[in-house]
Amino acid sequence: AAELAAYCLMLGDDALVLSHRLSEWCSNAPDLEEDIALANCALDLLGQARLLLARAAAADPSVVPVLPEGSPVPAEDALAFFREAVAFRCHRMVEVDNGDFAQTMVRLLLFSTVRLAAFEQLSTHADPVLSAIAVKGVKELSYHRDYAARWFVTLAQGTEESARRLAAGLDALWPLYAELAAAYEAGPAADVVLDQVLAVAGVERPDRPPRAGTGHTEALSRLLAEMQVVARAHPRGQW
Amino acid sequence: AAELAAYCLMLGDDALVLSHRLSEWCSNAPDLEEDIALANCALDLLGQARLLLARAAAADPSVVPVLPEGSPVPAEDALAFFREAVAFRCHRMVEVDNGDFAQTMVRLLLFSTVRLAAFEQLSTHADPVLSAIAVKGVKELSYHRDYAARWFVTLAQGTEESARRLAAGLDALWPLYAELAAAYEAGPAADVVLDQVLAVAGVERPDRPPRAGTGHTEALSRLLAEMQVVARAHPRGQW
Amino acid sequence: TDLQAQFEATIARHDRIEPRDWMPDAYRRTVVRQVAQHAHSEIIGMQPEGAWITRAPSLRRKAILLAKVQDEAGHGLYLYSAAETLGVSRQELTEMLIEGRQKYSSIFNYPTLSYADVGTIGWLVDGAAICNQVPLCRTSYGPYGRAMIRVCKEESFHQRQGFELLMTMMRGTDEQRAMVQESVDRFWWPALMMFGPPDDDSPNTEQSMAWGIKRNTNDDLRQRFVDMSVPQAEVLGVTFPDPELRWNAERGHHDFGTPDWDEFMAVVKGNGPCNAQRIAHRQRAHEDGAWVREAASAFADKQRGLEVSA
Amino acid sequence: TDLQAQFEATIARHDRIEPRDWMPDAYRRTVVRQVAQHAHSEIIGMQPEGAWITRAPSLRRKAILLAKVQDEAGHGLYLYSAAETLGVSRQELTEMLIEGRQKYSSIFNYPTLSYADVGTIGWLVDGAAICNQVPLCRTSYGPYGRAMIRVCKEESFHQRQGFELLMTMMRGTDEQRAMVQESVDRFWWPALMMFGPPDDDSPNTEQSMAWGIKRNTNDDLRQRFVDMSVPQAEVLGVTFPDPELRWNAERGHHDFGTPDWDEFMAVVKGNGPCNAQRIAHRQRAHEDGAWVREAASAFADKQRGLEVSA
């Protein structure tokens, strides 16, 4: 149960943090259609996060931070809003700043490809809750991946500037890919998909070594400062 | 006593918030010398804030937020870290983002000119604590004002780009000047100083109406989210 | 002329004018201005609430708020489309907005300072918008009226969500109740100003009503909003910051005080608390996105080229 | 030659080489490289701690941290000045740094994740720096040695402040104690790596020691640091994440495990957790400030022009 909880926390935290990053685009996207699409992705991931955090809390109540007595905060919120950065299990890939639209699309492509591969396997997981979450997630992640892949190709072949920005985004994020793919045990399935997208786009797989170390980036604690501020100010609040 | 407390809170909050903004320059200034100078100003204002918040708490303990029983947090920290944005008494002038170096220097000039005029009057205030704070502050603020004025003239007469940026910074902040000057009852003394600096720099006083409304900017709650995050996460913490 | 007579007959029947129909230039201009202003309000309105998505205090509220702000982008889309049926592009209208040549609702020039503002905007601001907009479902220009039907349905949903958030907070801690009251205090007067200047100071109202673009006067709608809001405030347990507010049995309406019209004029002229910030935000987003839009259109051109040559 | 003999005699006497003295080119290059690397470490080192100034949990700690990071900028200044006595400008050295052609201490490529890290950096990182630097007060190049005396004095002060912060936190809540231990767990191995690779893998050490630029070997200093830190950890009530760490009465020193030298090499080659971030930060700050430096120099030129013509 502790193992299941830890795994669900990992999956949930990644979704929560990337959802946060995507929601930062709100009112900032290049066009209204992208504003809406990015909000859709953020909402899907937020939904996944809620189910996964709730599953983690049910599987192992000891992972849930203890709040002041009488606090009405549900477990999903206790996990999201009352843990410190070092207790989060998300990966560095989802933590770093959005960068520009190209880098955001690169991250969404890498993340949804790896996560989709994992969710396809998880859809037959022994835990019925997790498998149900995965079945639902597969549809959402396929949409995210296709959306990101479409923009990846568009930017690669659009203008010189867009190709340059795409390459820079890919270079910036590639060192964090190995860590993510390993954690999701994405295997060759994800690599095949990525290689296809790269081939269609006419972009080389970057030749960059993985980033050393593990754990978190400095970006995470800043993200959490913002995410948790209202909840932390009202530990007995009802919302 | 409630009036004295409110006044000290206003003076203290302005210092605290501008100190925060200036400290954001740390490791980001155009040169090491400016990094050090901006940190000096931030430290001076932080010192003023601590004395003023402590004075406010002593004058009227009811202004201090109530913390969980057994919390070792001193009054100055309870005031700084456990109030919501709407309870702060600072002005919009100190809240808004730094902008570039030119805008930062414009704000420091406007703020320290007005505050210096007020502190000169306060140095004979009936409250001996407040008057002592003012006497010490006059020296610090004179330095800040002279520093900012030097840069104001330098940027006005440096390059085309620096003159353009300075004018933009002045235009952006001028609508917030009237509110600040009124609160500090800075009177003609501040205006005379400003006009001198403008004259030496060869810059026109902007012809922009004051910003409508009162209260705070959206920037304040974001600033506080960052400032308060660690303290709020540990309401019984010792530091 | 025949066309003019036909147009006037349609208006008189309370029937819809459609894009293909002849219409006077002044009518076209007025509808474009009003629809554009409405579209801009949706887009600018994303900012004050959107600022709290990343800080929502529960995951449930975060999802609700994110979906709401997304809806506003959707409303902007329909409304720009409605305007496009009159021959002006979204791009042109966006430029009018960021150059300050077209307006948006004055309310969005006030800042959001606490999470309670998300509820208050839902309750009072969306409430006022609905008062304004429900009659517009019967506006004379067809595409605008149809867009409004969809918008109003979603706005009512948002309004109920806002009220529900405030209700929940009022059942919470003392601090939360104080937050709600403080927020209502800040938004009440600006919400009243959303209906525009008093009728005797609103020169365009008469013509707009004659054309069936507008269906009610500003003061009429404002009164309706006050009458609707007072009992809701009682249910919530909050007060409005107006000592003159009281039931007038004779009129069958609430009397209320006069908003600060000087402040209103300052906001309309661009000197409100957040005008500069809102426009700068939109301008930055628009400029930052330029290379993406260019890339998409270059890519589409290439694809078309490939199809043609294939 | 005479000059060479004179230089060698000065070194042999453990006397200082001064800027006006003749020195071998290789000596000059080595000192420049070491002083520059040290200066860069101060400047880059402002980032991991500076990130917490705006989040310090008490006003007292905020003042202490702000003053400390300011001191680091000051150390950078002295050290760049020492390097300038050898004929290289701060501008040149800064460009070497942001183009990745000169290094800085590997430790600053690790992230700070909690406020406890501010204390741990003071205690362990500044502690390790002091072990490295105290012998450098006797380094053969005069301006460098004198800068080090001032730097070391301030570093000791910072180290005590860091230790005191951790002590205070250890007297606080359970969460605070856990924060301190977690932070020490993350920083212990990287702190040991600050002394550089093992002696048998440190090709430049011998020549630097012969020239009196370096006074001790890497392993020697690392041992000294471990021996110094173990009793301090006991006082604090924290443990180090090394199962092999124990007192060896025979050697009169602590035995300890082997750092992950592969990770060290990855960090040195630019693939550490924060290398890209640190350099990008410095580069952005440098570029953002270019127009200010240009304005200042244009203004100074104009002033000089006025003085000349007056």
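Just so it is clear, A, B, C and D label the chains in written order, and each chain counts residues from 1 on its own.
Criterion: contacts are C-beta pairs under 8 Å (C-beta built on N, C-alpha and C of every residue); 3 or more make two chains touch, one makes a residue touch a chain.
What you see is a predicted model; the values in this text were computed from it and never measured.
By the document's definition of touch, common neighbours of chain B and chain C comprise A. With centres taken as mean Cα positions, chain C sits 33 Å from chain A. Taking the mean of the C-alpha atoms as each chain's centre, chain C and chain D sit 57 Å apart.
Averaged C-alpha coordinates give centres for chain A and chain B that are 39 Å from one another. In chain A, 84, 221, 225-226, 229 are the positions where the chain touches two or more neighbouring chains simultaneously. Touching of two or more other chains is recorded for residues 55, 175 of chain C. Viewed as a contact network, the protein chains fit none of the simple shapes, being neither a path, a ring, a star nor fully connected.
Interchain contacts (touch definition given at top) occur between A-B, A-C, A-D, B-C, B-D. Contact residues of chain C toward chain B in the complex are 48, 51, 55, 110-114, 175, 179, 182, 186, 263, 266-267, 269, 271-274, 276-277.
Chain B meets chain A in the complex at residues 68, 84, 221-222, 224-226, 228-229, 232-233.
Those residues of chain A lying in contact with chain C across their complex are 16, 20, 23-24, 26-36, 39-40, 42-43, 46-47, 49-50, 53, 73-74, 76-77, 80-81, 100-102, 153-155, 157-159, 161-162, 165, 226-227, 229-231, 234, 236-239.
Put simply, chain A touches chain D in their complex at residues 84-86, 92, 172, 175, 209-213, 215-218, 220-221, 225. The touching residues of chain D, when paired with chain B in their complex, are 43, 46-47, 50, 53-63, 66-67, 69-70, 73-74, 76-77, 80, 90, 115, 165, 168-169, 171-173, 175-176, 281, 285, 288-296, 298-299, 302.
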